[in-house]
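Structure incoming, see below.
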Amino acid sequence: MDIDYVSNLLKDFKAGNLTLNDALEKLKVLPYEDLEFAKLDHHRLMRQGFAEVVFCQGKTVEQVLAIVDRLADYNRSILATRASREMYEAVKKTVPEATYHELARLITVERQKPPVDQDRFVLVMSAGTSDIPVAEEAAVTAEIMGNAVKRVYDVGVAGIHRLLDQRQLIEKANVLIVVAGMEGALASVVGGMAAKPVIAVPTSIGYGANFGGLAALLSMLNSCAAGVAVVNIDNGFGAGRLASIINHMR
Amino acid sequence: MDIDYVSNLLKDFKAGNLTLNDALEKLKVLPYEDLEFAKLDHHRLMRQGFAEVVFCQGKTVEQVLAIVDRLADYNRSILATRASREMYEAVKKTVPEATYHELARLITVERQKPPVDQDRFVLVMSAGTSDIPVAEEAAVTAEIMGNAVKRVYDVGVAGIHRLLDQRQLIEKANVLIVVAGMEGALASVVGGMAAKPVIAVPTSIGYGANFGGLAALLSMLNSCAAGVAVVNIDNGFGAGRLASIINHMR
Amino acid sequence: MDIDYVSNLLKDFKAGNLTLNDALEKLKVLPYEDLEFAKLDHHRLMRQGFAEVVFCQGKTVEQVLAIVDRLADYNRSILATRASREMYEAVKKTVPEATYHELARLITVERQKPPVDQDRFVLVMSAGTSDIPVAEEAAVTAEIMGNAVKRVYDVGVAGIHRLLDQRQLIEKANVLIVVAGMEGALASVVGGMAAKPVIAVPTSIGYGANFGGLAALLSMLNSCAAGVAVVNIDNGFGAGRLASIINHMR
Amino acid sequence: MDIDYVSNLLKDFKAGNLTLNDALEKLKVLPYEDLEFAKLDHHRLMRQGFAEVVFCQGKTVEQVLAIVDRLADYNRSILATRASREMYEAVKKTVPEATYHELARLITVERQKPPVDQDRFVLVMSAGTSDIPVAEEAAVTAEIMGNAVKRVYDVGVAGIHRLLDQRQLIEKANVLIVVAGMEGALASVVGGMAAKPVIAVPTSIGYGANFGGLAALLSMLNSCAAGVAVVNIDNGFGAGRLASIINHMR
Amino acid sequence: MDIDYVSNLLKDFKAGNLTLNDALEKLKVLPYEDLEFAKLDHHRLMRQGFAEVVFCQGKTVEQVLAIVDRLADYNRSILATRASREMYEAVKKTVPEATYHELARLITVERQKPPVDQDRFVLVMSAGTSDIPVAEEAAVTAEIMGNAVKRVYDVGVAGIHRLLDQRQLIEKANVLIVVAGMEGALASVVGGMAAKPVIAVPTSIGYGANFGGLAALLSMLNSCAAGVAVVNIDNGFGAGRLASIINHMR
Amino acid sequence: MDIDYVSNLLKDFKAGNLTLNDALEKLKVLPYEDLEFAKLDHHRLMRQGFAEVVFCQGKTVEQVLAIVDRLADYNRSILATRASREMYEAVKKTVPEATYHELARLITVERQKPPVDQDRFVLVMSAGTSDIPVAEEAAVTAEIMGNAVKRVYDVGVAGIHRLLDQRQLIEKANVLIVVAGMEGALASVVGGMAAKPVIAVPTSIGYGANFGGLAALLSMLNSCAAGVAVVNIDNGFGAGRLASIINHMR
Amino acid sequence: MDIDYVSNLLKDFKAGNLTLNDALEKLKVLPYEDLEFAKLDHHRLMRQGFAEVVFCQGKTVEQVLAIVDRLADYNRSILATRASREMYEAVKKTVPEATYHELARLITVERQKPPVDQDRFVLVMSAGTSDIPVAEEAAVTAEIMGNAVKRVYDVGVAGIHRLLDQRQLIEKANVLIVVAGMEGALASVVGGMAAKPVIAVPTSIGYGANFGGLAALLSMLNSCAAGVAVVNIDNGFGAGRLASIINHMR
Amino acid sequence: MDIDYVSNLLKDFKAGNLTLNDALEKLKVLPYEDLEFAKLDHHRLMRQGFAEVVFCQGKTVEQVLAIVDRLADYNRSILATRASREMYEAVKKTVPEATYHELARLITVERQKPPVDQDRFVLVMSAGTSDIPVAEEAAVTAEIMGNAVKRVYDVGVAGIHRLLDQRQLIEKANVLIVVAGMEGALASVVGGMAAKPVIAVPTSIGYGANFGGLAALLSMLNSCAAGVAVVNIDNGFGAGRLASIINHMR
């Protein structure tokens, strides 16, 4: 977001050359910053409630550094996904508040905790221990976006009593994220128990005819439970982001 | 739900043989009715806010008739999806209030309109004219579940100005359902414009390398916009149901 | 089985030209009857415990008739799968004891009930009403092969309490057949509850990204429950046959 | 299974505070231990005849160690699959009886040999030399669960006389496990020769249009022999477990 | 082949304006006849030993008629594949020697039997009765191209003794065509028994995870027997043609 | 395009209230007509050189009629693709100049021939006779958009001399459209011969492992010839449209 | 191209033994140089406007070196794609003018800049930062073939305002190359905005159900915008080459 | 082949206890040697004309060494495919005549050249330089089995004149092997030119939508040329073996 652009805009508004509505409208639609190899959408915070998130995979360390650097100038909270430890080490030098979440491969910057409504929590469930990295990506994403998060891991359907023990938590949750690889059946069972939206995240965990998460993906898409929607394989971030949007609805 | 079961339960409660919590708990978990070829979950209304929905595909006319008949004894609103006109004609004889939605292939019974919050509307968008049947399945589902619904059809991304004209509507909507076949790109564009949850429904409309909706499905799953989740190909009902759940959150 | 061959063999045995073991060995390996377009394995009954089963799909009515006719000369029980009503009408004229199972598309001939151990029953479960035809193919197959069969239909995992109500039956069953389309999650849940072998049958019921049963198939193959094995999509017969083999083990 | 929990339960029973049925019921359904990242189902031994098996893939060495450690407190026999040598080295320090099966990538602990019925053996066959690791996973699994196991390796159908030489063994086996990659045809041929259940395990061995085991998987699912069921690609453990369940049926 | 072109060419040759080699060369490369919607390669007989074969699928009755008509002017033998009875009825009016092979869907014209070497026969085998139409397409194709053909049908590997009975025939055959649907294992077993080339034809016969012949196709491509090559699913003609080419090699 | 809108705009321009550039700009971006089930982009002619094309598949006869009717009010040339004869009969009543192209399933209206540059022709080639319907869709599309078109059909690569005879035509063509099913190899060979852009159209013609055009599609995408681009399976219209755009470049 | 061959040919021409047309014709069709492991098509420059391009993947460093060496003898400009830095280091020693484009993995030799028409530029757009390597392959290819190129990167559709800002550039471009991974929606949106040909390049960037670029590929093939054609996944070179051919048309 | 078995057999024959035919018959069917992890079919030489070939992939160096060692005791020629250099180094120590073919990854032992008919040669063609390793696997295989082999590499169809130059060689070849990756079109073009059998070998060379050789595989299976059959992706050995079988037919 070009800082001159905004200050001029604000001056115009103060001077009465611009109505409040016009100013807001202008701020809502236009500006982004052009780094040549990336166009930073500084305005996303205003438009969608959280700053642009950096998807690090396929970017060089230098590119990630440059982008995070610029975002750090204008935002309190920053989220970078699929980040390597090497990227984190580079970022940390210029943005010392940065934290690295090893399992979830996330870099977060959180200069000021957002207010959180503890009663409206997001419940993140995983079918197995091996699904935890994806589940953590979802959980940390939801947390940095200002949500209370509870975690219940390793409750796959082959031991249904482990899952049934969580019935009360499932009924109380405001939004549910179900992370499962292999046959992904957890989403259907939870979908039938919950009265709230269930976001299903297939993972690539498994082997053989799992085909990189295809089995869990198809399983979740064909869920016999209504109220379930699916995001991409291993896309913990997407689930956390959507859960946050829903959880902030009033 | 066995009516005797419930009346006895209530009598027990009144007589003090059952605490309020125990009574609620019992009502919440147990009863369904066994038709041998189907186990009707009469209690879903209490547990998830809407009665069991009849998925007619693969059932005989006789089975559909028997199920709807039983549901009609206990519920004000009934929804049957993927219903043929022949099924409707059979149902109508015993449930005269039934309505048939030709395009959406839905049978609905609505004896009393549920209260609707007109300010919190669900926006159903379709990319093309041929996607309208699936869009209507979503829209009618959301309506019978007590939601205000607005429709915007034929706004595929190849004519981006048609879509941009809907910007204000998109920004005001509380939940968005995007129905698209072919390359399904509409979901990503709308996902980037909206600050609210977007439920994407791929359709099997298209030809060639569309492979029965696979192209749109993969496209939507890989959407570069956060805040988008996907339901099964042509699953308008699932989208409408999930939209309703989200829209009723407070 | 060439009748002359067998009678000569028996005469040889009686005359002492053949030891008992040699006679049995010869009977076990060799004979089948050549109808030119089919080679009937009359000896399967002796080798594998049930006569050759006729797979009618892709055969003409004349071919089915000729095969059943020949089998009827040597066997008490006959089973023909994927049979049309037209095939049944043809068969009935020459084999009047034949029965047609409409839903399961089976022709059976059962001239003498085999002895059945009622305590060791096969439990056939279906996730939905639409899966019943495949479930019936499995159930009738197991019955004609001399097994007690119990049926529990429409207990899909989205209403987990319907399934949990069957816990005792599931624990008592000697072999379980789980028939499910859509996401096929029932197999995993039952697999975790049962201590006996579970044979999972994916069905082609569903729509969209079900891809003709692929979703349920992959789901079942990737089941997180041990003790589950899978047969081909819609292959009720195969499941019934295998269940019978296992159920007769001592 | 918390040992205190069980002893108290038993005392209660002895003291008459608990009926026999109630005690059994309680034992059957409830306890598992929560390690936060894993929920150990200590009760599986009682419910399904063998303790929970540790699937090591995707878990850290620390997680595997913690789980095996806890299992070692309550069980005589332990099985961990897809284990690396590194995991084994870690486990061995605290559970010195642990053995590593290099080819099969299994860690086993077997403090007391279970009783084995030598007449009822499981026959494990492999089509090629390269399929042996998966075959060994099946064989060792069946052995630790108390079964006699015989092995016949490298009897692929392209040299049918090698297979026919095993006819007697095939006929005598109580349960058969057929492990094959490439075109997986061995399952069909053995399925036609055996009168007992055949569990087919496709392997990912092969190249070109084998597509990671898909060719063998589809081949086995479409087997023209009845009595064959399939487990996931390379899933030797699943086959061994199922074979053991069947082999223990009386 | 433009008749004037050839007669002039021959005259030139007679007159000494063209050497023998030049004349042959010219005849070998050039002419075909342009029907606008089809370019008939009249010269294929000279170049590849048999006239152009008409693939009728996707052509109108009129187009087939016009093409066969033209071919009939220049050739003794004609073959049209995937022909409907309606096409045959049309062809018969102008080419009365035409014969229709119902099962194989072939139209043949054979005005003079080609010389046949009875000792070098092509063996066509089918795994099941339902594969016979494709097997017949192969067999009739080989016959009209001047080969002795023997047929052995319904010898699938699930009854291996039926197949072993054919051992001598298999060893004597000069070229083998193996037609099989379902899991297609017959090709591998025959491939291991024969010392001559085996042409494998997968068929679309089967159901469930057969996926229109994909299972048999992959199975045959991954055959563990060397000496096996594969043609397209249901492509009996291609197999018969290739068998004929090989069988005529000296 | 709202006619009032345009007339007012033009009046404003005449009155000097609007500069030429402003008028053009306004015309270029905005108007379309809302039929509720379709949003007609009347302005496409100005923006992209040809009016909106009606894709009839999945639309009702009434919808097609309504759309063509409206388009007929504002355009000289109209194109409707994938149209049934029934749609044509309906259209013809209100737009009598409409023509139906049976093979190509196109409805065209051409009130005034566009000027055509005969030297810059589009060459449409098909590999087989069965590919002609798709080829004709491409050819007629290019013609109605004002291009000279030459057709060369049935020149598949298995008879390479038929193709080589077209060398001069191939070298002279300005844009080439190659339509081929089966293995689609024609695109690569032509791509190597031509110095101009080649648009490849895979068709669904074929059988067996053609998988609805997938074989030809993959083949063309992997073409070893540079200068080849691919459109969707059977998408003759798309190829014709793109060829026209390229052919009109100067 | 054998240099003797050409000089003799030219001498013949000068001596009047060859007409101009004959000489050109001979030059156009014949010569290439045989390196045994490669057949260099030296004549492609004359036939298709640019020398043979070296596809380095799967070749050894020695092979690449030998080929580039020979090309360097006859051509001013050379392009080698998918080249490793190691290959470049080897080439540089004998062809010192060679340049390495790290991101695009290209080796170029450009001894004399071709004339470039600055008004007719190729616009290369990428959806994300991670797609830049493929976009650069396209851009550099177009540049070395004599085209003006403009680049606009990171304008994915989830931030539609970033894309709309480029509207004027899009409208002015003569040919457009759209490079996108994930859901590939950019091609459709740009296709609807541009009046010129759009070449879409799917990339393998993404994760989960992206399946190595399949999602973007299918999306682009099914684009609802006419005027879009697709090249292989990650095939930046193919797109640049085709863009150059189109851009040079007059 | 157990040496005692054979010597006894021969002694019996000499002593007149066995007729010539009986001796041959016994030798033909039975013996193989059991190495526990492999069953060596020493008799294949007699049955199919060449000793058992060692497929090294997936085997340990020790296993390969043991197998080659045993084969070396009984055979003049040995072939081991997919062998690493490390395997070769191990083999060489005990079988010093062994040769390693780096490109083709073959180990060969050839103690005595088999007689070769130079007039009946096998022609091995490759589309590109990168396909040479697979082509060499085919060529060396055919050579060691006693065939004259000619090689023509890098004649892909995009430069059709390079291929046409080989017309005479193609017409003279007795059997043709066509090795091609990418779109695999070479098989169809050669298939149309040759009057002899064509064995097509798809390779995994390519990128993007090549999907590991799937594109070339499907292309070749759908070839419009008759007389073409296909082996597995990258299966040069299979092609060479089949070519040898055909080439030795008289």
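Every chain is named by a letter (A, B, C, D, E, F, G and H) in the order it is written, and numbering of its residues begins at 1.
Note that in this section contacts are C-beta pairs under 8 Å (C-beta built on N, C-alpha and C of every residue); 3 or more make two chains touch, one makes a residue touch a chain.
Quantities reported herein were computed from a predicted structural model and do not represent experimental measurements.
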Higher-contact pair (C-beta pairs counted), B-F versus A-C: A-C
Most widely separated chain from subunit A, with each centre as the mean of CA atoms: E
Interface sides of subunit A and subunit D: same vs different residues, half threshold: different
Chain whose Cα centroid lies at the greatest distance from that of subunit F: D
Rotational angle, Cα trace of subunit A fitted to subunit G, multiple of 5°: 90
Separation of subunit C from subunit F, taking each centre as the mean of its C-alpha atoms, in whole Å: 54
Chain centre separation (subunit D, subunit F; CA means) in Å: 60
Distance between the centres, which are taken as Cα means, of subunit G and subunit B, whole angstrom: 49
Centre distance in Å when subunit C and subunit E are each reduced to the mean of their C-alpha atoms: 38
Touching two or more other chains - residues of subunit E: 128, 159, 208-211, 214, 217, 221-223, 226, 232-233
In contact (per the touch rule at the top): chain pairs: A-B, A-C, A-D, A-G, B-C, B-F, B-G, C-D, C-E, D-E, D-H, E-F, E-H, F-G, F-H, G-H
Parts of subunit F lying in touch with subunit E, wherever the complex brings them together: 128-130, 132, 153-155, 159, 161-162, 205, 207-211
Subunit F - residues contacting subunit H, complex: 127-128, 156-160, 164, 182-185, 188-189, 191-193, 206, 208-211, 214-216, 218-226
Complex contacts: residues of subunit C adjacent to subunit E: 29-30, 32, 36-39, 41, 44, 55, 57-59, 63, 82, 202, 204, 212-214, 217, 232-235
In the complex, subunit E residues that touch subunit H: 47-49, 53, 174, 194-197, 199, 217, 221-223, 226-233, 237-239, 241-242, 245-246, 249-250
